[in-house]
Amino acid sequence: METIKHIGVLTGGGDCPGLNSVIRAVTKTAILDYNLDVIGFVDGFRGLVENNYMTLDLKTVSGIAHTGGTILGTTNRDNPFNFYSGGRTGQEPVDESDRAINNLQNLGLDAMVIIGGDGSLHIAHQFGQKGVRLIGVPKTIDNDLMATEVTFGFNTAVNTASDALDRLHTTAESHHRVMILEVMGRYSGWIALNAGISGSADVILIPEIPYRIDSIIKKISQRYRQGKKFSIIVVAEGAFPENGEIVVQNLVPTSHDPIRLGGIGQKVAEEIAGRLKDIEIRVTVLGHLQRGGQPIPYDRILGTKYGAGAVHALMEGQSGVMVSLQGSDITTVPIEEAIKDIRRVPPDDFMIKAARSIGITFGDN
Amino acid sequence: METIKHIGVLTGGGDCPGLNSVIRAVTKTAILDYNLDVIGFVDGFRGLVENNYMTLDLKTVSGIAHTGGTILGTTNRDNPFNFYSGGRTGQEPVDESDRAINNLQNLGLDAMVIIGGDGSLHIAHQFGQKGVRLIGVPKTIDNDLMATEVTFGFNTAVNTASDALDRLHTTAESHHRVMILEVMGRYSGWIALNAGISGSADVILIPEIPYRIDSIIKKISQRYRQGKKFSIIVVAEGAFPENGEIVVQNLVPTSHDPIRLGGIGQKVAEEIAGRLKDIEIRVTVLGHLQRGGQPIPYDRILGTKYGAGAVHALMEGQSGVMVSLQGSDITTVPIEEAIKDIRRVPPDDFMIKAARSIGITFGDN
Amino acid sequence: METIKHIGVLTGGGDCPGLNSVIRAVTKTAILDYNLDVIGFVDGFRGLVENNYMTLDLKTVSGIAHTGGTILGTTNRDNPFNFYSGGRTGQEPVDESDRAINNLQNLGLDAMVIIGGDGSLHIAHQFGQKGVRLIGVPKTIDNDLMATEVTFGFNTAVNTASDALDRLHTTAESHHRVMILEVMGRYSGWIALNAGISGSADVILIPEIPYRIDSIIKKISQRYRQGKKFSIIVVAEGAFPENGEIVVQNLVPTSHDPIRLGGIGQKVAEEIAGRLKDIEIRVTVLGHLQRGGQPIPYDRILGTKYGAGAVHALMEGQSGVMVSLQGSDITTVPIEEAIKDIRRVPPDDFMIKAARSIGITFGDN
Amino acid sequence: METIKHIGVLTGGGDCPGLNSVIRAVTKTAILDYNLDVIGFVDGFRGLVENNYMTLDLKTVSGIAHTGGTILGTTNRDNPFNFYSGGRTGQEPVDESDRAINNLQNLGLDAMVIIGGDGSLHIAHQFGQKGVRLIGVPKTIDNDLMATEVTFGFNTAVNTASDALDRLHTTAESHHRVMILEVMGRYSGWIALNAGISGSADVILIPEIPYRIDSIIKKISQRYRQGKKFSIIVVAEGAFPENGEIVVQNLVPTSHDPIRLGGIGQKVAEEIAGRLKDIEIRVTVLGHLQRGGQPIPYDRILGTKYGAGAVHALMEGQSGVMVSLQGSDITTVPIEEAIKDIRRVPPDDFMIKAARSIGITFGDN
C-alpha cells in the first residue's frame, strides 16, 4: 500500500443537511492530523468524469459547518458507469468510469471519500472493485441505509416535519379540520414515524404497515365523539394502502416528479372526503423543505464524526468500507453490506409500540 | 348610552397567529381596567347564532398569548345573515341575525368585540347597523385591509415564508435548480413581496403587477450566464400572468380548494419547463403552514395593542369602528371604510422600488 | 405480586425539557394499554409527603408533549428521608418517608413512576428498599447518568447552547473579540463538548480534561496570526483548570448559587485578559435558558419511549429498575447501578478525537 | 455638484443584526441602478483612517443578506477626530480626520454611506461639516434614535429576548421561581417593553419609569396569593430604581464592562431576596446574544429599504442627512436632528398603557 498524500472528496445524490459538516471534517482532519492535500470534485460524479474540481484548504471550509447544502454541488442523476454527457436528451449513455479513474491518476489522488446515499454508494462500490481506494460516508434523509444506526440529515428532516405538524396543529384545532402532512420516505417510514410521535399526530401511515382507509375513518370519528373535532395525519410519500382497497397505480411519489404535486397525501384526502362529507380536510406536502436549511446540532456533530472517521479509516489502511455509527462510536462496514438492502421500520420496533401506547394508529386496526 | 358591564368576543374567518393575544388583551383589559364580565362565543358567528359560549376570566386567558390558533375556535363560512344550520348540504340558508341579537340580549351583553377579516367585518358592520354596539379588530394574514397599516398574523406568515425560502435556497444552489414557492395572497402580494426580499428571491410574482413568462426566463438565463445556476421564485397564489399569454382560467387558487393541490406555482413551473428543457424545477406550496404556529413577538405585541385598544374604544363610547394601527398608535376608523376595498401593493411602493434596486424582477420587464 | 390497577407519577429535581412528554406517555400507556388509574403528585417528593396530587387522565395530558416544564411542578431540594416541612429556615429535617408510604397506601396506589436525576433516583432507590414498587425514568440535562446512553432534555440543552454559539460567532467575528460561553455541566462536559463541536468553537473546556490558560492563549494567538481575529470558547460550569495554575477555590458553580452570577467563565476571561492586553473579551452565562423552552423532537420522542417503556416494565412485574436507552431499544437496569457513579466524558471518546481532528483544543496541549 | 461615480461604505459601532442587509442593498443599488463603483472600509472608522478597504461588487455581497454581523467588520471605539492609533494603551489621541478625508480623495470617492448609531452619526456629522458628501443609515439595537420610527436590529433583539422569556417561563412555573431577565437598553426601555409584553412578563423595569422594590414585591405577593407561584421580571440594563431607595452607584451597566457580569438584574434580585426569604430567584443576563445571529425578516427588509434609500438619496443630491422610516416610506432627516437627543419611551405611550391594561406593572404603583 502506498502512502496516502493526496485525497479527493465528492458529494453525490440528493441534498441533505450536514453535507458541509462532513466536508469540513474530512478536509480539516486530512490537513491537521495527516498533512494531506485535499481537493473536492464539483457536482458529484459529474465533476469526477469531467475533471472539474476545486482545492479544499482550511480557509475554504471555514464557517461552513452550520450551513445547509454542499459547497461542492451535487446532482442525483450522474453515474460514471452509465454517463449522459450532455444532459439526458437524445443520446445514449456511455461507461466513463475509466475516464474518471484516469482523472484520479492524473491528479495524483491516492484515495477518495465519497459521501452519498444508496445510489452513490453503489457507484463507489464499483469503483472500489476497479481498484480505487475509497471510503464511503452514508447520507440519506430517509434514514433507510443498512449498517448504520442513523444517517446525518435525517434528524434535521424530522425537525422540519415536526415543526410543520406543530403549525398544522393549532390551525387544525381552531378550525376543526383533518390535516394531512405528506413527508419524505419512499421506501421507509422513519421520518413519518419520528415526526408523527414528536408532533402529536393521530394517524401515521408508513410503507411498512399496510393500512385501510376504514381504520383512519374510525380514528377520526372516535376523536370527534370525544370532543376532539380535529385530527392530524402524517403520511410517508411511499405509503400506499393495502391492495384491493383503493386504486393507486397512477400516483407518482411526490419528490420524484419534478413538477407535479399531489401524491398519496392527496389520495388519502380524497378517500376520506368521500366518506366523511361534513369534515374539512387540508393537505400539505413538505417536499424539498425537508432537504434544505441549516443542519440541527445533532447532524452537525454526526457529520463531523463521520468526516473525521472516514479520514482516520483511510489512513489506517481501510478501503471499500463505509463509516458507520454504532452507539456513539464510529466503526466501518463493507460498502457491499450497506447497500444490499433498504433499512425499513421493523413492525415490532419499540417506537411503533410506544406510538400505539399513546393512542396513535397506523391504519391497520 | 347605557353603561357597559358585560361584553362578548368572537373570532371569525381563517386562522391567524395572534388571535389568542387579542383575546387575552380584550379579556384582561375588560376585567382589570373596567371590571367587566366577558364571554367568548365558540366557533365564531356560529356560536353567536347557536348561543354557544364560554366564560372568559383571568385564568382562561393565562398562558395563551404566545400560542397559535384561537381558544374560541373559528369557522370561515358561517354568516348569521345567510346561515346554513347543519352544514352546507341540501338546504337553503336562512337569516338568523335576529336570533343572534336575541342571544346577546338574553345573555345581557352590552357590546361585542369582533375579531375578523374582510368577511367578518362585513357581518359586524351589518350587526352595527341593526343597533349592536361593537368594535372590530382587523385580522388578515394577507395584510390587505384598508385603514390599518399592518394586521396581526401577517408578519408571522412572512417569517414562515422567508424561513421556507432560506431552506429552498441551500438546496436550490447545491442542485442548480429553479425553486418556486407559492405563498398566500389571493388579491394582494404583501406576503410574497416581503418574504421575497427577506429570503433573497430572484423573481417575485404578485397580483398587482402583470408579468410575462419571458421575463422570468430572461432572469433565469441571465443568472445562469453569471455562474448562478439556480433561481428562486416566489409567487402569490393570486398572481395570474398577463392576459393573452397563458391560459389560466381552470386554475383554482390553492388555499380555497379543500384538497386539490397545485395552483399558479405549478402552472408557472410548467411554463418555464416548456421553455428551458435542461433545468430542473421544483414547486413547493406553503399552504396552511402560513396560518399556523406561534405568533412572532411583533404579532403578539400588535394583538395586545389591538385587544386593549378595542376595549378602551368601547368604554369611550365608540361603536361601529375598527381599531387601527397608525404609526405606533392605535386609533379607530369606521368599519365601513375599512371594508370598502382591498389594500393592494401600490406599484410605486418604496418596497417595490427597493426590490428592483437589489436586482429582483417582478416579471414585467 | 398483586395486580396493578392504580399508579402514581412524580417529577423530581431540576427542570428539563421533555418532562411533559414522559408524563403524557406514562398516562396514556397506563390508560389505553392497561386501563389503569393514574395520579400525579404535585411538586415532586414534597407532594408525596404532603399528599398533594392531581388526577391524570387523557384530557389532562392532551396537548402537553411539546411544551417545556412539567405540569406536575417540581422542586430540587425536597427529600422525604430528610424533609424540611416549612422551607429550610430554622428547623431540623425529619424522616417523613413513612408518611409518604402511608399516603401511597391510603390512595390505593400499587406502584410509582419516578422521573428524576441522580438525587431523585437515590430517593427512589430508598423507597424501593422499603418495599415500594416503582420504576425510575432517567432525567438530567447534563447527560451524566450511568446505565443509559442518552437522557431526555440533554439534546435540547445542546441546541440552546449551539444556537447561542451561532449568535456569538457573528458578533465575535465582526468585532474581533474572544467570546466565552459558560454552559451547564457541573461534573461532566457533555453539553460543552456537543455544543462546541456543533457551534464551531475553537476551545472547549470540560471538567474531565485538565487545562492550562497558556494553552488557550496559544490557540487565540495562533488564530490571530492566521488572520482570524476572533475566538470562541465554551466552558462547562464545572471545568476548573489544572491545580497550581490559578486559584479557584472561591468560585461557586453558577447555577447553584441562586443569585450570584459569574463562575468559571468570568474567571477564565480575567485570566486571558491579564495576558492579552489588547483583545476584547466578553462572557455570556446561559444559565437557566438551557433548562427551559420546548423540547426538540429528539427529546419528545425519547421522553415518549421512556414513559411508555416505564409502564410496560411495571406491568411485566419489574420494580427497582430504571428504563434505559440501548441503541434504539428501551431496556431496564437496576436503579442501584445507575446511581453508583456519574457518567463522565471518557478522554478517549471518539467525539474528543473528532473535535481535535478539526482543530478544537481542550486546553491541554 | 459633481457627478457621483464612486462611493464608500462603512459600519461603525456595536454589532447589530441587519448590517449585511444594508451593505448588500447599498452595493446592489449603486451598481445596478447607477453603475457606481463601491468600496467598503474595513473595521469602521479605523479603516477610513488607515486606508484599509475592500472592493464591494455583486459577488462580494451575494448570499449575505440573511447573515448576522458585518462583512466589513466594525469597532465601537475608534473616532477619527480623537484617534488612538495603536489601541488605547499609554498614548494620546490625535485628530486624524484630515488623514481620513485625504484617503477619500486619493481613492477618488465622491461620497460615503455611514451605517452607525448615535456615536457614528456624530462623527458622520462632523465629516459632513468638513465637506464630505455623505448619507447616514441609523443603526441601534436599542431603538433609541430620534427621527426614525424603527432602527434595524431592534426587532431581532426583541425576538431574542422574547424567546428567552418563553424559555424562562416554563422553568419558572415548574419550579415556582422569580426569574429576572436583564436585557439591553442603557438609556431607553424599548427592548424590555416589547419583549416583556411579547413574553408575558409580570414586571417590566425601564429607565424611563422610576420604580420601587416595594411595588415589585407587591406584585409577586399578589400573584402568589392567586396561586401563581412564579413571576417573570424583565429589566433594562439602564433601569436604576428611584433615588433614595437602594444604593446603586457602584453598578456598571452590564454590556459596557468587558468582563464583569452582574448589573441591575443582580441588584434587583438581591433586593427582592432580602425581603422575600422563601422564594427562589434566578437572574439571566442576555448580553451579546442580543447583538448576534441572523436578522429576522423584518430587519432584513428594513435594512434593504435603508440601504437602497441611502443610495437613492445620495444620487438625488442629498447630503448630511440620515435615511429615516416614516410609516412604510423612507425619507431623510438632517443628521443633526437625529443625534440631538435620545428617543426614550414616552410614559404615556400606548404600549405602556396596553401593558398596564393586561396587568403588567412597571414598579411605580
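So that you can tell them apart, the chains are marked A, B, C and D in the order they are listed, and the count of residues begins at 1 in each.
The rule is short, and it goes like this: a residue touches a chain if its C-beta (ideal position, glycine included) is under 8 Å from a C-beta of that chain, and two chains touch if they have at least 3 such contacts.
Quick caveat: nothing in here was measured; it's all calculated off a predicted structure.
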- prompt: What chain is the most remote from chain D, judged by the mean position of CA atoms in each chain?
  reply: A
Task: Could you work out the angle of the rotation that brings the CA atoms of chain B onto the matching CA atoms of chain C, rounded to the nearest 5 degrees?
output: 180
- prompt: How big is the gap, in whole Å, between where the Cα atoms of chain B centre and where those of chain C centre?
  reply: 41
Query: In angstrom, rounded to a whole number, how far apart do the mean CA points of chain A and chain C lie?
result: 31
- prompt: Can you give the whole-Å distance between the Cα centres of chain C and chain D?
  reply: 35
Message: Show the residues in chain C shared as contacts by 2 or more other chains, in ascending order.
response: 166
Message: Strictly by the criterion at the top, what is the full list of touching chain pairs?
response: A-B, A-C, B-D, C-D
Contact footprint of chain D on chain B as seen in their complex: 24-25, 28-29, 32-33, 58, 62-63, 65-66, 149, 155, 158-159, 162, 166, 194-195, 197-200, 228, 296-298, 300-301, 304-305, 308-309, 311-312, 327-330, 349-351, 353-359
- prompt: Can you name the residues of chain B that touch chain A in the complex?
  reply: 14-15, 17, 19, 43, 67-70, 73-76, 87, 89, 160, 163-164, 166-176, 179, 258-262, 266, 269-270, 273, 277-278, 280-285, 287-289, 291-294
